[in-house]
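Input: one structure, supplied below.
Which chain is which? They are A, B, C and D, in the order written, and residues in each are numbered from 1.
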Amino acid sequence: MADIRVTVWNEFRHERRSAEVAAIYPDGIHQAIANGLRAEPGFLVRTATLDEPEHGLTQEALASTDVLLWWGHLAHGEVRDEVVERVRDRVLEGMGLIVLHSGHGSKIFERLLGTRTGALKWRDDGEKERIWVIEHGHPIAEGLGEYIEIPKEEMYGERFEIPAPDELVFVSWFEGGEVFRSGCCYRRGKGKLFYFRPGHETFPVYHHPDVLRVIRNAARWAAPTVGAHVSYGRVEPLESLKG
Amino acid sequence: MADIRVTVWNEFRHERRSAEVAAIYPDGIHQAIANGLRAEPGFLVRTATLDEPEHGLTQEALASTDVLLWWGHLAHGEVRDEVVERVRDRVLEGMGLIVLHSGHGSKIFERLLGTRTGALKWRDDGEKERIWVIEHGHPIAEGLGEYIEIPKEEMYGERFEIPAPDELVFVSWFEGGEVFRSGCCYRRGKGKLFYFRPGHETFPVYHHPDVLRVIRNAARWAAPTVGAHVSYGRVEPLESLKG
Amino acid sequence: MADIRVTVWNEFRHERRSAEVAAIYPDGIHQAIANGLRAEPGFLVRTATLDEPEHGLTQEALASTDVLLWWGHLAHGEVRDEVVERVRDRVLEGMGLIVLHSGHGSKIFERLLGTRTGALKWRDDGEKERIWVIEHGHPIAEGLGEYIEIPKEEMYGERFEIPAPDELVFVSWFEGGEVFRSGCCYRRGKGKLFYFRPGHETFPVYHHPDVLRVIRNAARWAAPTVGAHVSYGRVEPLESLKG
Amino acid sequence: MADIRVTVWNEFRHERRSAEVAAIYPDGIHQAIANGLRAEPGFLVRTATLDEPEHGLTQEALASTDVLLWWGHLAHGEVRDEVVERVRDRVLEGMGLIVLHSGHGSKIFERLLGTRTGALKWRDDGEKERIWVIEHGHPIAEGLGEYIEIPKEEMYGERFEIPAPDELVFVSWFEGGEVFRSGCCYRRGKGKLFYFRPGHETFPVYHHPDVLRVIRNAARWAAPTVGAHVSYGRVEPLESLKG
């Protein structure tokens, strides 16, 4: 089987502005995630960031991407609409998309889901999170225990304005009293979309082995399939009706 | 129970351009549908059309609408984006939306579902359609038999690029060899969305008693609920964690 | 609209064996729930218990029941199989069924869902529960705030071996570190099924106004619809194919 | 990757009683399906039939089966209940199950889904079927065109009393006027379940290359995953709560 070609996209602003964040992710969140993918064979990993030309997401870059990962937070509004449409077209044609943590507020996530995906509760107090496995037979949960425990994380709480996921793989528990749908699968067009909650920039979440394991699992799950050939537009009826 | 306030929106172009269509719908498709709703008590019905100011969908009009019906075809592109966003906000806050036939290609349907909802197969040969009931306990199927037969209709065929519906109520059979997901329910934000396939302008489909029955059923189903109160944004933790 | 005929079924063993439980539910859990239903107009409420002949669920009793509520715990195995089949048939023909708390382990719940619904985590330490609203537009959440807080409850935790619900209305948070899918809707045949988690016998959960509100909401939601007429078996083809 | 161990189970009665059926499947339907699986590498295929001891489904046979295929029709009632429970347990623990055609009426299918899965419409006139692809990105549709055409088949029509599938991959069109949900995916416990409609014994359906392709695709899709480790029963709370 050919390697899965993954592009890890990162806004890459926090890391360059905040010494606290830079201390955790000296090369950027994208590099931590890329290293996590490279820890096992089967992935061909590149990165792309907001401030590159076309945000690093040219037609060519996307055409050779099987799965795109998306981390953004501060600058969702700076992502150009034509790049958003380009990514959307690729997803609908079969590219996988994995949206991470604050990427829930990104243009591409809202564009593909249709609701105000930025709407949720939050609290940045560094509290304990347990990401419980709901569907233990799902390939995205492969190799996990009953839950992933994150010692300190930003809390996200329901109500989260997303369409009910096609498959709900994880639900988070937070020390301060909230729950959250943390692992959400969607099929959109020919492509697959996974939202995975953890990953605040001020905590070393993308160094957690089980978080990286889920990201690898999700990249395998979201990789394009050959699928069936379909077409759209005017068609002829059965011969028997033509007469 | 208060009456359900329904606004029937129609592009209203075919009827003014084509003698064939005007013969079937002399007052416009919207009036045929409005009359169908008025045939039973419980609805307060208004209409709105593309060429009215703000397409007849002012803030005030939408604020007093419980369920919006949408028929469009020729001029999807003329619907102004700010009106689309206004309708979307109202749906996410609880207004029901029923999208009819060629309305599948409308901006509002695509905006709320996220996929290229205009993509499907079609053939305008006036062939027989049977709209089969799949979920016979669903309130939208109330009072029907096993299927609705439409003697002559435009065909729509799969693959139809929509997210898998939350509930699939009807599937159509066409004489020429195709099938179609013809009754699709979605929950988006606090609102409910129903797509109902039949209704080509050159056939008297909105005079068919069972088609009108489904539209009344759907308007009742899509009417807003009080629901639960939710809020978004920063929240405080449990008292026990504050100490 | 005619009153909804609700039958509240209770195993009614704990209350007769334990002074602690009897102090909370002197007339049985079924009477507390029945009183909660009677607190608003629109319900015609009866009760039935395990030790009545045919468990109080004769053909006649079921034939005049629109919605059946089920609370059981100690004696699931004593419910006779022919009564389970009788209840199942009624649900598939349209009767609503609301399964409460430890009723997850009942024969009827497992029979209708197919999985080992008794399988979950638990801990009976009387800890705080927050039942979060996930679908705030759902009629079962009508009139609630963001969550229902139960000061002391038995914990149920995931993994809970149920089929993914058709609609997930509530998710619980527990003080001790777990989450649970606490409000689960299913359509089975023509009937509707709702599982609602809270209700341990040693805590006054069925005196909590919001728990009773949810039960009333669920009874309204689960009430039978007229629906469409369907039939099964051999059928004739289209006339055109007969020739 | 290790080969997928597939057991093809067949009632194997029609073939021994009817010269017409034997002419199409001289070695039994199971051998035709087994040959279809063996046409590509990656499968280790065995067969089992009703009249073998324990129907060929001993604990050992099931323990070494990754995916079980099921074809039955005349003798559903002869399958022993303890074997049904044994198969069910294996599915809930992760074994894949593919139910074919008239297997919809089998004990195991009804046991896992909970509804009266035998209920549907039918007509055995040898009419044309088109199995349309609904989810073209689904791995079960891999390598297909827009539909599979079967020149002569038994018709199955809706209403089919199944729970709404988790994923609807195929919908059939029949010449005589009906539609049917022909490719239905379910997750039950840790296992996956696929229902695939075509396959009447009097037509050479299991010699059709695309039908065999779907069966291979489904066997790959349904193969067990490692998944996450879960447990059930009493658990301890967070340390912080124990104090």
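Keep in mind that, in the parts below, contacts are C-beta pairs under 8 Å (C-beta built on N, C-alpha and C of every residue); 3 or more make two chains touch, one makes a residue touch a chain.
Source: prediction; values computed, not measured.
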Same-residue or different-residue interface between chain A and chain D, half as cut-off: same
Which of A-C and A-B has more C-beta pairs touching across its chains: A-B
Distance from the mean Cα position of chain C to that of chain A, given in whole angstrom: 36
Averaged-CA centre spacing for the pair chain B and chain A, given as whole angstrom: 31
Contacts with 2+ other chains: residues of chain C: 133, 135-136, 146, 157, 159, 164, 166-167, 177-178, 187, 189, 230-231
Contact footprint of chain D on chain B as seen in their complex: 130, 132-136, 146, 157-159, 164, 167-168, 171-174, 177-179, 181
Contact set on chain C toward chain B in their complex: 94, 133, 135-139, 141-146, 166-167, 187, 189-192, 224-231
List of chain D residues in touch with chain C within their complex: 92, 111-116, 119-123, 125, 127, 155, 157, 159, 161, 163-164, 166, 175-178, 186-189, 230-238, 241
